[in-house]
Amino acid sequence: MSISLPTYTRREMPLLGRRHRLRAIIVTGLRREFKRPAVIVSTLLGVALIVIISTAILLFAGLFLPGQALDLSFFFVPASNQTVLFFITLMASLVGSALIADDLNSMALTLYLSRPITHADYLVAKAAILAPLISLIAVLPLVLTPFVAALLGLFSWTIALQAIGLAVLLGSLFTAFYTSVTLLLSSLTHRKSYAAAGIFAVTFGLTIPAEILSISISNPALLYASPWEDYLAVARAAFGAPGGQIDWPWALVILLAATLVAASLTYLRMKAVEVVAG
Amino acid sequence: MTAVAEAAGVSKWYGEVLGLNAFTASFGTGITGLVGPNGAGKSTLFKLLIGQLHANQGTLRLFGENPWNNVPLMRRLGYCPEHNQLYGWLTGQRFVEALLRLDGMSTKKASTAATAALKVVGLSGAAHRPTRTYSRGMRQRAKLAQALAHDPDVLILDEPLSGADPMARVQILRTISEFAKDGGHVIMSTHVLYEVERITQNIVLIHNGKAIASGDIHAIRALIDEHPHAVRIETSHPRQLAQALARMDHVVSLEVPSEDTLLIRTRKPDAFYKELPGIVADTRLDVRALESPDDSLEAVFRYLVG
Amino acid sequence: MFGEVRAVDDLSVAIPEGAIGLVGPNGAGKTTFLRLLLGLVRPTTGTAKVLGHNIAEGVPVRERIGYMPEHDCLIPDMTGVGLVTFMGRVSGLDADTAISRAHDVLQFVGVEEERYRKIAEYSTGMKQKIKLAQAMVHDPQLYIFDEPTTGLDPRGRTEMLDLVRVIANSPGRNVVLSSHLLPDVETICKYIVILDGGHQIAAGELRQLLSGSADRLRIDVRGDREAFAQRLRETGLEAEATPTGVHVARKPGVEGVIFEIAKALGAEVRYMGREIRSLEEFFLELVERNEAAVSV
């Protein structure tokens, strides 16, 4: 007869690689976000509202949009719905503002970086937590709308599929921009509320003055400063819709550049944080 | 001899949460260490002593007076709180000056007093740097300087050594000892027991809001009957020495753990030490070393608190 | 040897296996040294290897290191077991192994049902234990403890130091203990590295560094110390009374003389033994000497 007491056992197997480590961070992060009532409600509300509004526009196109041809350019309308902008900003501030700021506040960053991952790994994982949540607003409803339209027989599948493809591309572009900028803001402060305020400032603080001023001083070039107007310019070109006061190539360049610059700045900022304090 | 501080049946509750529960102890002159587990009531006692809180029950006297709402009494004490956040943008000199002027000192006097206090704690070199650049050890010393600068009669220090590097520790302990030597009184709390033992033999042990022991460490130790005092003697004839010592009736047990060691447990350490030189000298047995492994504050704490 | 750091900002250190104490005043370079070990910072000149890996590689080194930081670093809204499991997975353990080991190490450090509660509700002692658990979960070869007893009450300190000691004594495990509490370092580490001003000013086996005067005795006398010392001097021995006791040169038969004098004076001898220098004394002396040399 013998007694075996539990002991602190040694690890026998080798460690799993980078993909597993990042997956652990991403999955844990997403799970935590989806447990939050605020996130669930905003997601559902955002998706539902955008889909409903878009479907209403679809069904009553004749009423709301006299003179609008029922071809690909129609799908610019749901894509340019201001609700999209509002809910993206809301998502970014609800989820994104705390992603890095909380780790800075609690200094849990020390634990992360003392693990066998790099700064880049950490940022990639955080981006991979935020991007899916933002794309639930930026991509999903705009993909559902053409799909529903085709199902209802209002549009041909050819056009619908084209619209879906464009929605994915445009949505991803806008998601990338917001993910990158949100993470940058989140990395600059310990307080997630400041980061959240920053995101609203980037969205509305740039857009509203730009729109007002461009009219009052008649200089449409000011619209380049608004990420929303840049997105609209690119979307307009993609869907073939008429109008627009700024050129889409420049708008595209601005969005891409801002995304890359924000990402680089975030990386530099994270590398500068002192995790071993003396 | 009037005690510096006297507590009689002091109780303080925060709603349901226990602060102090019928706490009765007397803090004598010189340096007294206040020791106890986390949550035992040390901070509560300090806040009562400096007049920030009012007790629910019992009487508390500092220099014979009630600290509550007692501004003249506050002038006679210097307090070092536990937290380490100073006004980061102020230099060490300005920090101490500002607090002195809050006390009512004139600008000129405050300046001289601050300079002197910073010199005593060894911060003269860093006095003109903002406190946010200070290390933990330097912050502790800055706090001590502001507590000393107005020449108080008593220092009340909450964890004055925590986080300090070895040099700062030595400096702080030295400053406290000098203060006591010049006639000041000190009540200081700490978790690092061997540091208390270095500057004083007087302690008050607090647990669950009550004082469970107070006085001289060795006297307290001697009173803990369930744990007889162990003494280890290094000698080449342990068994003969054991025979000689067995004659003392307060000896509880004698062990020979190795061929050159004798381990004695006695209920009356004072009597033991008094008789030991006589026995050793008479029997002429060679005793090479002698020590008492559990006659320390660490042991007292362990036996009384667990 | 598990680590070798050469010429980094003029810092040259070679670290043997076992439990090593890292000691030094503030600004001595301890923090930089730890950052180097963790591969979070690259040396400006020179090379460094830890556990056979060049620290420039960062990730492979950190796979083998468990770091217990000094400051608060836990995620407040996770449970104890949740955090330790998560950190295990981020270190590369698969999900099942991570949970299993998390529970094992939580048991080892002494966290019972509290492991299911949120960390925000934990006491200081419990938080320190979780910090230790997350450092252990992936079974590293090198542990770095930075002030492990901060904020702990005497009971907590003893428990924590006992845990560190068990880890330090496990075969195949190396421990670097960085602390300002030199007596703690003394009881756990066999080897010490002392830094000051970015340099290593002393390193070696503790016992050798502190061997001090084996040829003197310290006696804790209760009674008239001065008279005691005087009587010793009268018998031709070198003796002096200091605040820590009476110190006398060790000669054959001196012990017997001591007890005779004690009997004659009616004094008590409460301690008699080697005049051991403490790490603290050694350290302070060394640092003073070093600062003096530097300012010359």
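A, B and C label the chains in the order they appear, each numbered from 1.
One rule holds in what follows: contacts are C-beta pairs under 8 Å (C-beta built on N, C-alpha and C of every residue); 3 or more make two chains touch, one makes a residue touch a chain.
Since this is a predicted model, take the numbers as computed values, not measurements.
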item: Labels of chains that are neighbours to chain A and to chain B; value: C
item: Chain occupying the most central position, where position means C-alpha average; value: C
item: Remotest chain, chain B as reference, centres from CA atoms; value: A
item: Centre distance in Å when chain A and chain B are each reduced to the mean of their C-alpha atoms; value: 58
item: Centre-to-centre distance between chain C and chain A (centres being mean Cα positions), rounded to whole Å; value: 48
item: Chain B and chain C: spacing of chain centres that average the CA atoms, whole Å; value: 24
item: Residue numbers of chain C (touch at least two other chains); value: 26-27
item: Residues of chain A engaged with two or more neighbouring chains; value: none
item: Chain A residues touching chain C - in the complex, by the definition given at the top; value: 6, 8-11, 13, 15-17, 20-21, 24-25, 28, 32, 102-103, 106-118, 275-278
item: Chain C residues touching chain A - in the complex, by the definition given at the top; value: 26-27, 30-32, 34-35, 38, 40, 58-60, 62-63, 65, 67, 69-77, 86-87, 89-95, 97, 101, 104-105, 107-108, 134, 136, 138-139, 146
item: Residue numbers on chain C that touch chain B, as the complex places them; value: 23, 25-27, 123-125, 147, 150-158, 180-183, 222, 255-256, 259-260, 262-263, 266-274, 280, 283-284, 287
item: Chain C partner contacts - residues on chain B that touch it in the complex; value: 35-39, 135-138, 162-167, 169-170, 191-194, 234, 273-274, 276-278, 280-281, 284, 286-292, 295, 298, 301-302, 305-306
